[in-house]
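See the structures that follow.
Common to both upcoming complexes is chain A, partnered first by chain B, then by chain C.
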Partner chain A sequence: MPEGKLCNKKPVSTREELDALLGDSNGRQYYAEMENLDVDAEKLWATIQKTMKSRTKTWLEICAHCGLCADSCFLYSVNGRDPKQVPSYKIQSTLGEIVKQKGKVSNEFMRMCMDTAWSKCTCCNRCGSFCPYGIDMGVMFSYLRGLLHSQGFVPWELKIGSGMHRLFRAQMDVTVEEFVDTCEWMVDEALEEWPCLEIPIDKEDADIVYMINAREAKHYPEDIVEAAILFHIAGENWTMPSSGWEMTSLSMFAGDWEACKMQVETVYEAMERLRPKRMVATECGHAYRATVIEGPYWAGRPDGKPPVECIHYVEWVAEALETGKLKIDPAKRIKEPVTVQDSCNYVRNAGLRECTRIIMKHMAEDFREMAPNKEHNYCCGGGGGFNGIGRYRKQRNDALKMKREQILATGAKFVIAPCHNCWDAIRDLEEEYEIGIRWSFLKPLLVKMVEVPEHLLPKE
Partner chain B sequence: MYEILTGPLLWIAFAVFFVGLTARVVLYFKGLDWRLDRVAYKPHMAAGLKGGVRSVYRWILPFGTHSWRAKPIFTIMFFAFHVGLVIVPLFLEGHAVMIKSGLGIDWPSMPQILADVLAIAAFLGGVGIAIRRIVLPEVRILTDFKDVMLLVLTLTLLFSGIMASYHTANYSFWINLHILCGVIVLLTAPFTKLAHIALFFCTRIQLGMDFGIKRGGMKTNFDW
Partner chain C sequence: MFTKILFATSGSPCCDAAARVAFDLAARYNAKLFVFHVLGTPSRGFSQVVVDLRTGEKVELDGDYILWVKDELKGTYDRQLKSGVDCEIDAAVGVPHREVLRKARQEDVDLIVMGASTTGCESDAQEYERHFAGSTLQRVAKASKAPVLVVNRPVASFWGGFTNIVFGADFSKGSEHAFKFALRTAKELDANLHLFHAIDIGSSHGFISQKELDDRMIEARDRMRRKYLIQTGDFKKVTADIWEGIPYIEIVKYAREKQADLIIMAHHSKDVSDESAVFGHTLEQVLLRATCPVASVNRPDKIQLA
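And now, the complex of A and B:
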């Protein structure tokens, strides 16, 4: 049987298709159909010929098979140094083989590639920085994901996630009305404690437009209020767009480049419409990577930059603390040992390693570095979509072991994770391994720790 | 035999080597595509070149990167192997004599004792790399026939050169074997993994530009 009802080469384009996928419990029917999905070898080879040029071709060809990438990969380490987890082996035995066979590969082979691309690589790009040639296997796995997606071999959750972006321009079904309503009632609830607090929607020419992860609107609206409180205390002239506020991109994890473009163009359209001086991105790693680092290229912007200057939340906080816009109450600094998770997406892949150190200088009395850290830090264990794919739950749980060891080695019981994926992974890590740690984003801590100017306090 | 190997064949080999590798480099850079690579090379050329130069520099420095420092024994073997293979052929007295007689150019050369030390270190480094390839499971799984042949070729090249330099009874055998291996290296370099002689710099510059332009280089320098 070529195309399945749920599992096929066609991305989600209607609500009905999305609901049908959502109705398939754990993707049981979806994965059953995948076993019969035909490989369109001609199209696959044509795509490769069109999109695999100098860089990737040379990477595949020139690899010296030296194995220096092995120890750079946390998945190799946590899986008992299984040679089949060596990054070079993983990419050569999948993408390398597809290229060698000129696209003429079997259904079974494509399913093996899918399992490899989504459960043996989180696209953390650490291997790329350990290869003498600079072969970035994370980039190649992302490319492979794109090829697999175009042939319908993509994990069930990511087909859904990508479909959400296509239909709602968000990873979850949040409409403009729902989003604006959420902001309004969250502010209403906070007014007693924070008089004059507001979330200005669609204000033009503000200094800052604040953009978020849809999970915050759907499941953690208190996060938006915390951001509002901190902007309020810092005296920022800020706004949020009614549409185009969603920075995440499950389509990036899925390799659905067309959906990536649709999503990021909605965000850029909001920037162009509201003309803020800067955009501040919420505490999320892949959202920043998608909107700020990769997004401009999906949208075809030749300078590789978004329409306005974009900074990550850790950049804004570091700046606010250094300039005194936000001040930490010295009595409230964190006394216990605390460590910080460096997100691959904005530290290794966007150069923001110093920001969290500046923030810790202000907030913590006993800050402990993980080892390795900064751009050489290990993935939390749940990046690249790994957290969200039920089919690979066991592999993901194994992957958490590296972070567990790193955290335990610091001696800290408190982990600050300014990234949604890392935050989730560390939460799951505690649930799975019970090492007695707590974890947090920056915002809830800051709200409790910053000094509030007299005039912003409620009048008794 | 010696005449055939050092005659027109050697000239052809050099021509293939230089023209071939130049073509590989030109084609590599021409084939970079800002949309596919997702790196805006042209608009940020200065930041890109800075990233590219840093990326090459740190990696050609022994122990210059986190990766080199993580594997000190391999790093020593690697640099012994490569320094010997690059420096000795360029500045060996025996080679300088050939250049003088062939092209009439006064070519600088290094003391024979230094050349001997470097060549023997390179040979031992290469043997170490070969052993590592067989012993370590994470390297063995990657190893294919071509990798083995490449090591056999370069180790034979080094060993025969060392033997020839001692002018033993079998001098003509060793020198002919040495030149034969050299000619094979020159002829095959552009078409095999030996192309890394030039492409190493290309791929390193590319990733350096990627990090220099797109992945944070305009905010902090990547600590390779």
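And now, the complex of A and C:
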């Protein structure tokens, strides 16, 4: 059977298609259909010829198979130093082979590639900084994911996630009306405690446009109001767009390049429409990567930059604390040992390693570094889509072991994770291994810890 | 008075007493009842996995599972559903307090009915857990526009309608809203309204002289008159009392003496100083111990005098 009803080469384009996928519990039918999905070798080779640029070609060619990347990969370490987990092996035996075979590969081979691309690499890019040639297997795996997606070999949850972006321009089914209503609702709930609090929607020429992860709007709208409270205390002139507020990109995890472009263009359109001085991105790693690092290329922007200057939430907080816009009440500083998870996507990939250290200097009395840390930190164990894919749950749970050991070694029982994916992975880690830790984003802590100017307090 | 009631339930026996009151109120006051259950919290990133709140198990979510949960709910409340109450059963996925508040907002309900805590009433609950209101209730009560009626002990659920209402006054701003709700309820249901304030002598470590106690009594009486009694107008079924002691004990005792079938209090009691005490200590203890339903009021929105 060439194309399945659910598993096929066609991306989701209607609500009915999306609902049919969602109705397929665990993706059982989807994966069964995948076993019979034809590989369109001709199209695959044509795609490679059109999209594989010199960098990837060179990397595949010059890899000396020296194995220096092995120890850089946490999945190699947590899987008993299995040679099949050596990054260079993983990419050469998948992408390398497809290229060698000029796309003439079997269904079974493509399924092996899918399992490798989504359960043996989180695209954390750590190997790239240890390879003597600077070969980045994470970048190549992202590319391989794109090829696999174009042939329909993509994990069930990511076909859904990508479909959500295509239909709703968000990873979850949140419409413009629902989003605006949620913001109004949150302000309404908070007004008694925070008189004059606002979430200004579609305000033009503000200093800051704030953008988020759809999960905040859908399940944890408190997060939006916490951001609003902190902007309010800091006296920022800010806004949120009614559309284009969603920065995340499950389509990036899925390798759905077309959907990546559609999503990020919605975000850039909001920036161009509202003309803010800067964009502040919520506490999410991959959202930052999608919008700020990769996005400009998806959207074909000639300068390789988003339309306005974009900063991550940790940059804004560090700046606000250093300039005194936000002040931590000294009595409320965190007394217990606390550690911070460095998100690969904005620390290793964007160099924001000092921000959280500055923040910790203000917030914590006993900050403990993980080892290794900053740009050398390990992935939380759930990056690149790993967290959400049921098919690879066991592999993901194994992958959490590295972070477990790192956290335990700090002696801290409290972990700050300013990234949705890391936060999720650390939550799952505690559920899975019960090491007695707690975890948090920055915002709920800051709201409780910052000094509030007298005039912002409610009058009795 | 009550035209739309939201009964938020975990579906466990811990909510049975609350169910009895919710269905009874809906039948008695001809209100529409929404039976609402949050079946699980999203988990595992963007996956379709939710942690089922009743079993703690991870389940793969699909339409069938939600239908199955709704059927379970129908089974649980089978007998009450046959009473002819206009009732809608719904289940949702999300963070429980958030979804309850969302539903309350969507349906614009006048009252939310809940149990105090599912964890605290389970047979394997730790002793200390029985003395705390659950986090869902605390969060709902804090943000809800509608009063939240809590039924904790089974004994609190066998009253009929509301004929004797005790209002526990603490003179705070929140108490103002709670009083308006109490007065309005008493007027509309032609119930007796008993205003009550307890002077807190239990938590003060020092010795209180009788002179000081007398002074505080006089002051409290004066505030009771100025703040509340003055608003009762020509409504005559009002009494007011001031006792001294440990407030939550005194309120529960007073309610028993007045055969109260409803206690109304503000969510923010005056003695909240510890930021971790989201719930007022007094209110929390009253609603866990009372032998009648306790309504917590935090916001003025749904309780304006008609």
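Convention: the second predicted complex is superposed on the first by the 460 of 460 C-alpha atoms of A that agree within 3 Å, B and C clash if a C-alpha of one lies under 4 Å from a C-alpha of the other, contacts with A are read in each partner's own complex, and residues count from 1 in each chain.
By our rule, contacts are C-beta pairs under 8 Å (C-beta built on N, C-alpha and C of every residue); 3 or more make two chains touch, one makes a residue touch a chain.
Everything numeric in this text was worked out from a predicted model, so none of it was measured.
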{"item": "Chain A as common anchor, with chain B and chain C clashing or fitting", "value": "fit"}
{"item": "Touching partner for A:Gln92 - first (chain B), second (chain C), both, neither", "value": "first"}
{"item": "Touched partner set for A:Val78, first chain B, second chain C, both or neither", "value": "neither"}
{"item": "Which of chain B and chain C A:Ala64 touches, first, second, both or neither", "value": "first"}
{"item": "Chain B, chain C and vertex chain A (Cα centres) - angle in steps of 10°", "value": "160"}
{"item": "First (chain B), second (chain C), both or neither touched by A:Glu192", "value": "second"}
{"item": "Which superposed partner A:Gly300 touches (first chain B, second chain C, both, neither)", "value": "first"}
{"item": "Contacts of A:Asp428 with chain B and chain C, given as first, second, both or neither", "value": "second"}
{"item": "Partner chain(s) touched by A:Thr51 [first = chain B, second = chain C, both, neither]", "value": "first"}
{"item": "Chain A: partner with more touched residues, chain B or chain C", "value": "B"}
{"item": "Lowest C-alpha to C-alpha distance for chain C against chain B (Å)", "value": "25"}
{"item": "Chain B contact footprint on chain A (complex, rising order)", "value": "51, 53-59, 61-68, 70-72, 76, 81, 83-84, 86, 88-89, 92, 128-136, 293-294, 296-297, 300, 302-305, 348-354, 372, 374-376"}
{"item": "Chain A contact footprint on chain B (complex, rising order)", "value": "27-40, 43-44, 55, 59, 66-67, 70-71, 74, 133, 136-144, 147, 193, 195-196, 199-200, 202-204, 206-208, 210-211, 213-220, 222-224"}
{"item": "Footprint of chain A on chain C - complex, ascending", "value": "42-49, 60, 62-65, 94-95, 98, 101-102, 105, 143, 173, 275, 299"}
{"item": "Of all residues in chain A, those that touch chain C in their complex", "value": "22-26, 157, 160-161, 171-172, 185, 189, 192, 215, 218-222, 250, 382, 385, 387-390, 393, 421, 424, 428, 448, 460"}
